[in-house]
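Each of the two complexes below includes chain A, the first together with chain B, the second together with chain C.
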Partner chain A sequence: MWDGIIIGGGLAGLLAGIRAAERGKKVLIVSEGVGSLTYSSGVIDLGDAERLMNQKSHPYALLGERVVRSAAEYFQTLFPDYWGNWREPQFVLTPLGSPRKAGLIPRGLNTQALSETHKIILMALEGMKDFFPEVAKSNLLKAYPQAEVVLHPFRVEAFEAWYTLGKPITGMDCGKYWRTASGIETLKGVWKSLDSFEPDKAVVIFPGLTSVFSQPLREVQSNLPFSVIEMTAFPPSDGGYYLYRGLVQKFKALGGELLVGSGVKKVELKGKQCHKIIVNSKGKDSEFSARVFVLATGGIFGGGIEVTLEAAKEMVFGLPPFVPSGWTNSEFLGEQPYARMGVETDNQLRPIDSASKEVLLENVRIIGRMLAHWDPWVERCGGGVSLASGWFAGEQV
Partner chain B sequence: MQDYQVVIVGGGATGVGVLRDLSMRGISALLLEQGDLAHGTSSRFHGLLHSGARYAVKDPLSAAECISENIILKKIAAHCISDTGGWFVQSEEDDPDYVEQWLRGCANAGIPLREISLSEAYWKEPLLKRNILRVFEVPDATVDGFKLVWANAKSAKRYGGDYKTYHRVERLILENKRIVGVAAKNLLNQEELLIGCQVVVNAGGAWASEIAGSIGVHLDVICDKGTLLAFNQRLFQRVINRLHPPSDGDIFVPHETITILGTTSEIVGSPRENQPKEEEIRRLLMMGEELLPKIMERRVIRAFAGVRPLHREDSEVSGKMDEGREVSRNFALIDHEIHDQVQGLISIVGGKFTTYRLMAEKVADWVAKRFGNLRPCSTAQEKLLSEISEDLKKQALQLLPCAAAEKMLERLGEDAGAVLLEIQNDPSKGQMLCECEMVSVAEVEKVALDADAHHLADIRRKTRLGMGTCQGAFCTYRALPLLGLEHAKFDPLQDELKRFINQRWKGIRPILWGQQLRETELTRAIYTSILQLNGIRDI
Partner chain C sequence: MNKLDSVKNLDACIKCSACTSQCPVAMVQPLFSGPKSVGPDAERFRLEGIDIDPKCLSYCSNCKTCEVTCPSGVKITEIILRAREKASLAAQKSGTTRLQVRDLVLGRAEYLGRLGTIWPGLTNGLLKVYLVRVLMEKILGISRRAPLPPYQAKFKGIRNNKLVPNHRLSKAVVFFPGCFINYNDSLTGQAVIKVLEHNGYDVIMPNFHCCGVPLQANGKFNEARGNAKKNLALMNPYLQSGVPVITGCTSCGLALKEEYPNLEVSGSELIGRQAYDLFEFLWELQEGGGLKQDFQEIPVSLGYHAPCHLKAQGIGTPSVRLLRLIPGVRVSDLDTGCCGLSGSYGYKQEKYDIARQIGEPLFQRVQEGVRIGEFQSMATECGGCQVQIEHGSGIATKHPVWVFMQAYGLSPEFL
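What follows is the complex of A and B.
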């Protein structure tokens, strides 16, 4: 018998697992996939928390300020590499070179130095996939009109084979390379080659470099006479991958068990309690029992909710999701009502019946993208809701 | 201002067909199109090159025209056509009497057919529903509307024909009830231009009555909307028709890696009413299930609709022959001198994509006669694309993956040489910008620099960029730096991107369930969160 079983191993599920394990609970995470952190460059968006806490039914409103704040602070104590706080937005660069708001960010992404400098050196590793130096340069000029932007293309011997074949160097390739011992040596050479640019008066932007969770890389950088700013990447991003890995390591170090590649096939209920799940793993069925179950299966994108032309369905417990009356709007980048679909809960995150508000399953908590009444993309609070609801569930196990 | 003998209004299949035919006969002609070539009905259909079998019972004349044009197009436009063959499938619900009528109709029209045994049928098309009684094979094929239209335009150009896209005809200019020119507006810079000509060919398709209306001439065109669905995979190897009186949702047409299910039919008020509706989609799926079981579990990536321009006589019983009206009941050539006392204006309405060349020939015959030009039509003999040299084919296969090389050669013909040279000089240009449709960076760059590429959507129509399973999620971003190549030509990048994404969204909205909904969440994450195109300026 486990104290808690978490179904879904993305940001929300892993954080819930870490918090519960830290509290001495015996926790199992069962996950079909590896979450969607690799899409996000490891940036945690918290959104306009004060406004969202006053937005009816929003998960922030449900959980309240204390939970949102505690979750953000908790995340930072877990990962001191992260910068920012829950009230003050930080700015990071998009892959297009425009600044955008973010909540908690890996330190290397902090753009503060850009607002004051008069010279920006934009490093452009030749052959890098999905990075467009000219576009980034023009967006930087727009965002920081006080500065000149110098584009600095360069090649690296380690990628010569890539160049000959015309093979794209992905952001993942780059990030991995700069973290190796030979990558760090090369990097030192690259910094030297900047001497003629008077870099001590400049700020250097370095797409493809990801220093988060890398002690050696941070050391090299701290000795430089100029600031180096990293960029978020077009997916897949190594920054997000390192955060995922960091969370998994934390969870395992605390004694948590993680079963990846395993979907829940069936659940067994007794009245309003779930007592057992049957999981298909490596071709055979296994049964697991627990006192508390946490549902963190990632909503539509994660596969936790499936929608057909007829109906929307929650895939593990068969809970009835809240389905908004509108479905889409013509402006793709604007509000899309369907995105607020999810499972409605009480303020303990237990699933409730939309009409009667009656709790449907007493020992089940709904977290992350499975919750109703929010949209990570227009509200830009994807990381925040996952942290807050994950932390809260971790406290409840 | 340059003058021409003829101005053609409308850059769909018929318009470019007329341009090519006239140019080959040495008659100077300019085609004006309000959008991009083939942006209307000529690309908004199922892409079926009819054998005529579909019309064998109801419309024998149409059937005969289709089979003869089918044979011609397979010869002259082989690079735009995939000769898949087609099946007519009779299921338990279909009327056996109709099958007998249909067999007689096909024989009369000269449509070759062969009965396929059920075991062969299920072996070759394993997804087909298991309640079928008989299967017949006919020479149906699939055709790429964009490619065919562009191939006509390029061929015409080689003969001196001209075309201008994004030019809307504002009015026709008359002197003593005789056409002397047209006034057009360049929609990209709002400039007005006047063009002198003696003849105007109104090939506006669903827009034809608006064009005639500009000089107060009444022209009846019925706008018949047809909605279609695109699935993310090739469900069948050949065209699959139901063997029953033509109805909704009874044709599956495979194209490359996708399949199109069509169509519906609804009279609408204007050619702009081309938004697919939920009830049409439900109906298509319901009817489609008669041929493909468990259709709901298949992933639909897009819904789209085209507006067929039907001529009034299409819906009447008779094919009565007025003076000035051509013979066929399927399309009509209207000489406005006879009907409206306006000299030098001819409208071509109705017809089918499969018979576009024949329609163009009839128009060109009429125009040529007017100018006393005696050269016969040669569009049925001469290939649209000049032969691609073996050397070029070899080079393409060396520099690109096989499938990508072949597709590029089909799209570009001899122009592929320039793209290959780019890749040779810089191998990174051989990377696939569009991974779904296998379009290289070098090819998109070349097309982006074409004088007639004004929007990302124009590049899409020429390269299929963004038309694959990702529906633009990844390639839209990757096309962005290419638009920066010519600053003056494209709108500010982010506006251009937003427009393109919204155009793709229009076709996704009505089919937003299952895997496509999941994919949409990824696309939203990329453009609203990672790139923040709906961005911030407050720093």
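What follows is the complex of A and C.
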């Protein structure tokens, strides 16, 4: 018997698990896949928290300022590698080289130094996939008109196999290489090769480098006479992958158990209480019981809600999702109302009936992308809602 | 899988590349284009009769990390294995004899094992001689640096073939030891039996054959199915009486749960449901209140490595749950990826370095954990992982059953 079982091991589920385990609870996370973090850049978007807290039914409004703030601060105490403040937006570079607003960011992505410099050196590793040096250069010139931008193409021996095969070097290939011992040695050589550029007066932008959670890389960087700024990347991306690894390792270090690869296919209810989940293991089903259950199955993208032409269905408990009217918007780039689809809850995150507001399951909490009434693409609060609801559920287990 | 199912399986792929981003081989070997590419992507061409680069297929170590990761449940390794089977049939006429002999040797852990256990002292002595290993590399393509496990006298079990009367079958289990216990680690086999007996179970051990995993991994698909059928025939009477089959090796366990149910012989409809990992079984006892809790306090701190084929079973890490019930035991679940060996994969000359690179983060984590005093030694269920972790990190690594032996007062010391 567990104190809490969390269904879905993405950002929301893992944070809930970590908080609960840290409070001494016995926690099991069951997750079909690894969640959407590997597609994200590792940046946590909090959105315009002040405004969203006043937006009717938004998860921030349900949970209130204390929870949103505590969750962001909690995340930063877990991961001191993350920089930012829940009220103050930070800026990071998109894969195309333009600055964009963000909430909590890995320190290496911090663009502050760019506004103050007169010279930007843009490192361009030869053969890198999804990096367009000329586009990035022109976007940087637009965003930072006070600075000149020098493009610095370079080649690395370790990637000779890629060059020979004519295989593009993905951001993940790069990121992993720079974190190895030999990668760090190569990197030192790369810094040396910049000497002729008078780099101490410049800021260096280095796509493909991900220093988050790498002590040795950060050490090397802190000894340089210039600042190095990393870029976010197209999915799947290193930054998100390392955040996923970091969360999993925290959770396990606190004694949590994570079962990845098999989904919850059924639950057993007694009245308004859930007491058991049935997991689709190889060969036969496994059963796990707990006092509290947290549903963090990631909405439509994560597989927690299935949408057909006729209806939308929540896949584990069979809860009725809130479906916005006119949810298939024909405008491709406009707001997509289906994004607001999800399970409606009370302010304890327990699922409720949309019409009567009656609580449907008393020991079940809904978190992350499973919640109704928010849109990560328009409101840019994807990470923030997952953190706030995950932290709150972790407090309740 | 028939052609229609194959197409359905392919259609499930949403091309997200999550599998490739987690594949331990693709991470270290640029020549391997990864599970998405050799699996669902290439399969479309194969279904049309176009084979692209069959050589690439052999890089897959069948660790199943891709399948565990895939959000859409695509049977990636099944696609890869079937494609390999096809490619190996085609290549049998043209393949080089040296590698064919190696497939024969590595695929038949059982025959090699029998040879080794007839005269373990001699075989072990020979395996330690550098020249012998150089010759093995030259003649067989088995890497001279790979950690070949030493052989022990063959595991005989305690109640080998002893009949358990029908009325006692409800408290009986069948034990499927697997080749590693049979030929390299019979003591662990005895330990499994003692722990089960301590919990009141009669342990039945028919004279099983190798489960078939190494045969399959080395291209001997028909032989693998042959072994599976023989084993099922030995289990069948017990399966029909509802007796569980317990495995101490996670790869055998996965085969029993995933491959055996596909055979069209009597018992195949039951084996999936009745096969248990040892600790999965003990955990079920614990949940039902039937696990003996007469544990002595033992001051042991362990790092734990979850074998890939345990992860693929989708049962979590029951051994860690159970270890934490024993007073004094501390366990850190390291979760630092695959050890790299993947059965016989890391023994191959051209794969040794890949295996080593895959396992490197794990080895470093193990050494670091011991250095800072987080734990003293390692535990993991898979015999291959045990050998590889000891080889890579120099830290003693044992089957977790030994902790239970000590806690139950059945053996003096874990280390």
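Descriptive notes on the structure:
The working rule: the second predicted complex is superposed on the first by the 391 of 397 C-alpha atoms of A that agree within 3 Å, B and C clash if a C-alpha of one lies under 4 Å from a C-alpha of the other, contacts with A are read in each partner's own complex, and residues count from 1 in each chain.
Basically, a residue touches a chain if its C-beta (ideal position, glycine included) is under 8 Å from a C-beta of that chain, and two chains touch if they have at least 3 such contacts.
Since the model is a prediction, treat every value here as computed from it, not as a measurement.
After overlaying the two complexes on the shared chain, residue contacts for A:252 are found with chain C alone; chain B is out of touch. Judged by the touch definition given at the top, the superposed model places A:91 against chain B, while chain C stays out of reach. In the superposition on chain A, contact of A:303 is made with both chain B and chain C.
When both complexes are overlaid on chain A, the residue A:382 reaches chain B alone and has no touch with chain C. In the superposed pair of complexes, A:165 makes contact with chain B and with chain C alike. Once chain A of one complex is fitted onto chain A of the other, the partner contacts of A:39 extend to both chain B and chain C. Touch criterion met: A:260 reaches chain C, while chain B stays clear of it. Looking at the shared chain after the overlay, A:281 reaches chain C, while chain B stays out of its contact range.
Looking at the superposition, the partner that touches the larger set of chain A residues, chain B or chain C, turns out to be B. In the superposition on chain A, A:323 makes contact with neither chain B nor chain C.
Of the residues of chain A, those at positions 39, 165, 167, 303 touch chain B in one of the two structures and chain C in the other. Residues 36, 39-41, 45, 91, 94-96, 98-101, 115, 127, 129-130, 132, 134-135, 138, 143, 163-168, 232, 234-235, 299-301, 303, 306-309, 327-328, 330-334, 336, 338-339, 376-378, 380, 382 of chain A are the ones that touch chain B when the two sit in their complex. Those residues of chain B whose C-beta lies close enough to touch chain A in the complex are 281-282, 285, 296, 423, 426-431, 477-478, 480-481, 484, 493, 498, 501-502, 504-506, 509, 512-514, 517-518, 521-536, 539.
Every residue of chain C that touches chain A in the complex is listed here, in rising order: 16-18, 21-22, 27, 30-31, 33, 67-71, 73, 254, 256-258, 261, 271-275, 280, 287, 311-317, 320-321, 324, 332-333, 335. On the side of chain A, the complex with chain C involves touching residues 1, 28, 30, 32-34, 38-39, 161-162, 165, 167, 172-173, 176, 236, 241, 248-249, 252-253, 255, 257-262, 279-284, 286, 289, 302-303.
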